[in-house]
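In what comes next, chain A is part of two complexes: it sits with chain B in the first one and with chain C in the second one.
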Partner chain A sequence: LSLRAVNSSRSAFASFLFAPLFFQLYEPGSAGPDTELFRCKVHMKSFLGIFRSLPSLEKSVGKCLILLKPRASRLVLQLHCKYGVTKTHNLAFQECERLQAVFDTQRCASRLRAPARVLAEAVVHFPLTLAEVTLGTGPGGKISLRNYVEDEAEPSKTMVTELWLAEDEFQSVAVAPGSHITFCLKEFRGLLSFAEASNLPLTIHFDEPGRPVVFTLDDTVLEVHLVLATLSDLKSSSQSPSTNGVSHLPAPSDDFADDLESYMAAMETSEGGSGGPPSPTFPLRTPRPAESDPEEEEEEEGAVPGTPPHKK
Partner chain B sequence: MRFRAKIVDLACLNHFSRIINTIARLAKTCILRLTVCKLYFILSDKAANGGASMWCELSQGNFFDEFQMEGVAAEHNEIYLELVPENLSRALKTAQSAKAVKIKLTNKHCPCLRVAVELPSLSSSSRIVTHDIPVGVIPRRMWNDFREPSVPDFDVSIYLPVLKTMKSVVERMKNLSNFIVIEANLSGEMNLKIETDLVSVTTHFKDLGNPPWASEDGCQSSPQGRDLESMAEACIDIKKLQQLLAGQQVNPTKALCNIVHKRIVHFILLHEEVSLQYFIPAIA
Partner chain C sequence: MPFSAPPPASGERYALSASLDNARHLSSLLRAVHFQDHATCFATASGLRVTVEDAKCIQANAFIQAEIFQEFSVQEESVMFRISLSVLLDCLTIFGTSSLPGTSTALRMCYRGYGYPLMLFLEEGGVVTVCKINTQEPEELLDFDFCSTKVVNKIILQSEGLREAFAELDMTSEVLQITMSPDKPYFRLSTFGNAGSAHLDYPRDSDLMEAFHCSQTQTNRYKISLLKPSTKALALSCKVSVRTDAQGFLSLQYMIRNEDGQICFVEYYCCPDENITEAEL
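Moving on, here comes the complex of A and B:
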């Protein structure tokens, strides 16, 4: 079962892939080798509304059943609760084409792996309202996190917070020296709280500024990817900000959109729209509606050992 | 001009953080004055603050394990900095379990107070978080703008009721009106009043006690001739009063206010290691 989402500005993409073993019972339905893979989208708010209060769910719900009723165009979520109470939610769905971000963690120059707790303790020093954060490498193999200050903000009025983590706080560090990337902290926090709750180590794959950063969580029955756009490095790092107020560079927010279009190929209408524009760095990928694509395995980093092969 | 200081004791750090949090509630921007022995947080009565002013004084020895300061010149061994106390408050907020906190005045791209927090970690070296808080250096010629305000020629001086009680009363009144009248007399009675078109609410406090002010030089008009029952009052912005009370997380050793009839209310809150004075002008 795969759950995916992309934000409206197409600067963030998340995918959760659950192996059948994650579930108590997993029946993919009457799918034969020739049947198309079923894909649909549901309203986020409706879906989230069912799982609104986690503490009360943990106390009262014994089982959760997810059932697809294609003829009625309904996705049914049934919560079997205590005292014989059953709550059934019927969500309307829309069939859709594949949503897939184009990324390749193998091609990233740098990789960091740390327990979620270390990263959670690191981001606590930044205010919840902070939009972007810069992850960088420093002397002595240290890794830094710093709040990103936009060009428009006055440098003499903005507080700058920087945190340094030693290399041995990480489970593995393989970074290009002097590298750094800037990404949206708010979106990362979401994944981080999930990682902390499930006690999974988080791997960060990144490359040059402008290329997307990929956060992954791996488990025997679950694979999570979060792909975020990063800020392009349009000025050299040694240049001091806003010399005489004249700026020849486009505002940072534009960079996000520009970089995004190159890397995201998503189709949301059921009519096959055009695929994304060809990426200058990654091979052109036009999502094919049907059968198993050998390249798809590569993106999902191969089948996770120990799980039954994905049924297509 | 140099400044470096270090706090190692967690209790001192928490206490210092609480003071900064109180200051941050009262002023968006304020002056930090550093001398060899003391730190002062000063807000002068400009129109931008709604006329309110603040003077907070603490002895550095009660908080810092190390404190080195070199002022602008030998005869003027002080430093005046303008800063946003909320930044300092945020920097200290996540330092609750720190091994040490160092504060240093630096000037990389612009003058900053660099707060470096050393945090424990499971690895061989500690985690370091630095917060560069931009500050403005106040030139010596402007120092006179920030002198300690003198105690006004008050009509009534009275001890405040238990702050927690006063806070909850004022908070409820804030929902009904933007202005509150504080009135008190020399018989230990104080009333907090609000009045709108629809409703008027008064809370009465009694047996509060009036502090004895020694009239040292006779310039202080002694309230001897004053009728003990007669109330001095001032109508002030209720939000300012609420902010002052909300910022008090620990009960002060002494809390009192001086009322100049229809002019200004002068609050004095004394704790063991810090004193806070807050002036709220009366609305015309």
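Moving on, here comes the complex of A and C:
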């Protein structure tokens, strides 16, 4: 069973793949070699509404049955609660195309693996309202987390939080030196709390700024991926802050431009030397064209440049 | 502690006069039926009944027997008046709604008769508040003609099992459908909202089911907005009885135990929804 979601700006994609062994009972139904795998989408709010209160679910629900009734166009979720009470929800669904972000963790230059607890304890230092955070590698194999501050912000009025994690806090570190990426912390928090609750180690695959960062959780019966767009590291005098990396790519149609809004405005990252304790400064980046592939985060229905993607 | 109010100047006795050591015994019950601004109070020697109605479809009654009061006397055969329930509740809780252990508001209620206001004397910690609430002409109340001989289906459930269900009812659904049957699904609550339909089934052999007397399969729909206020009564109660008659009229009776362990009742009556469309599953 695969559950996937993408946000409206197409800058975040999540996928949960449950192996049959995850369930007490798994019957994929009659799908011959010729029949297409069944795919549908349901309203997130409706789906979440069924699992509204986690503590009360834990207390009163014994079993959950998920049943797909394609002919009735209903996804049935049945909760078997204590005292013999049964709650049945019949959700309307829509058939849909395959939702898949194109990414390849093998192609990522850097990889970090840590118990979720380590990252959760690190992230707790940042305010809940913080949008973006920068993850970087420094001397001595140290890994840094720093809140991302826009260049326009007044230096005297902004608070910067930076923390360093030693290499031995991680289960594995294989990173390109001096690399860093900036991604949306808010979206990451969701996955992090799931990882913590399920006690699974988290692997972070990343590459150059602008290329998506992929967070994975691996278990024998569960495979989780979270793909987030990262801030691209462009310096371009000809670009206005509101433009995205589109100008560097083969001329796409307007629809593509909408989807690529997720690639945030190109900015130069620069660091002055800090007078405080040894904290590495990120090297000034020389401008170079973004290599972000427009198909990286598109839905995969024969994504051909110039073809408008399937609009939801 | 109770205290006596001065007798009326003319030397007549009050039509209704009552004392209550703990005003909460009255206010919590009245809150359970407070879904409209006005209520009709009806007092006889047996006690006080407060009725609230809406849309000519729903009626809630709160019963406070004479035994709950420290003092309760009704001069005529019965006394009836209409009053603002919102104002009455505000007065009864004038010393605040939070209940500190050991403290309680004492109440004395006096009503001279037709045309006179309802007088309330409330005391807590030596501080006395006097309230005078205007009364109005009582309006005719709905008679659901619901008596035990006409009941087709009846169940008694422990409130604990229904509380969460009622609090989480899908309010995007216009109706709450209640199915009662001697066969499966036995007792089912259904909603048909924007997300789709939802069914809550209680089997007849559930631990929550104290009594199950269903002779006929009945499915009736009621406007959810009318029944939602009954959640308050459900929250206070320990047991609830659900009964329907041949016309599909619904009676919900809630057994409420107050702080002193005394039992009071609140009941809701509701007409079935006339706009019946085919139930989707």
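In this section, the second predicted complex is superposed on the first by the 234 of 312 C-alpha atoms of A that agree within 3 Å, B and C clash if a C-alpha of one lies under 4 Å from a C-alpha of the other, contacts with A are read in each partner's own complex, and residues count from 1 in each chain.
Note that contacts are C-beta pairs under 8 Å (C-beta built on N, C-alpha and C of every residue); 3 or more make two chains touch, one makes a residue touch a chain.
Since the model is a prediction, treat every value here as computed from it, not as a measurement.
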Task: Give one word, clash or fit, describing how chain B and chain C relate on chain A after superposing.
output: fit
Task: Return first, second, both or neither, reflecting whether A:87 touches chain B, chain C, both chains, or no partner chain.
output: second
Message: After the superposition on A, what does A:49 contact: first (chain B), second (chain C), both or neither?
response: second
Query: With the two structures laid over each other on chain A, which partner does A:153 touch: chain B (first), chain C (second), both, or neither?
result: neither
Task: With the two complexes superposed on chain A, say which partner A:21 touches: chain B (first), chain C (second), both, or neither.
output: neither
- request: Could you look at A:161 and tell me whether it touches chain B, chain C, both or neither (first, second, both, neither)?
  value: first
Query: After lining up the shared chain so the two structures overlap, which partner does A:5 touch, if you call chain B first and chain C second: first, second, both or neither?
result: neither
- request: Using the superposition on chain A described above, determine whether A:66 touches chain B (first), chain C (second), both, or neither.
  value: neither
Message: With the superposition applied, I'd like the minimum CA-CA separation between chain B and chain C in Å.
response: 11
- request: Touching chain B in one complex and chain C in the other: list those residues of chain A.
  value: none
- line: Touching chain C in the complex, chain A uses residues 43, 45-46, 49, 52, 56, 60, 72, 74, 83-92
Message: For a test of understanding, state which residues of chain A touch chain B in their complex under the given definition.
response: 121-122, 124-125, 127, 155-166, 168-169, 240-241
- request: Please give the residue numbers of chain B that touch chain A in the complex, ascending.
  value: 84, 87, 90-91, 94, 109-110, 121-125, 127-134
- request: Name, in rising order, each residue of chain C that touches chain A in their complex.
  value: 161, 164, 168, 170, 194-203, 205-208, 281
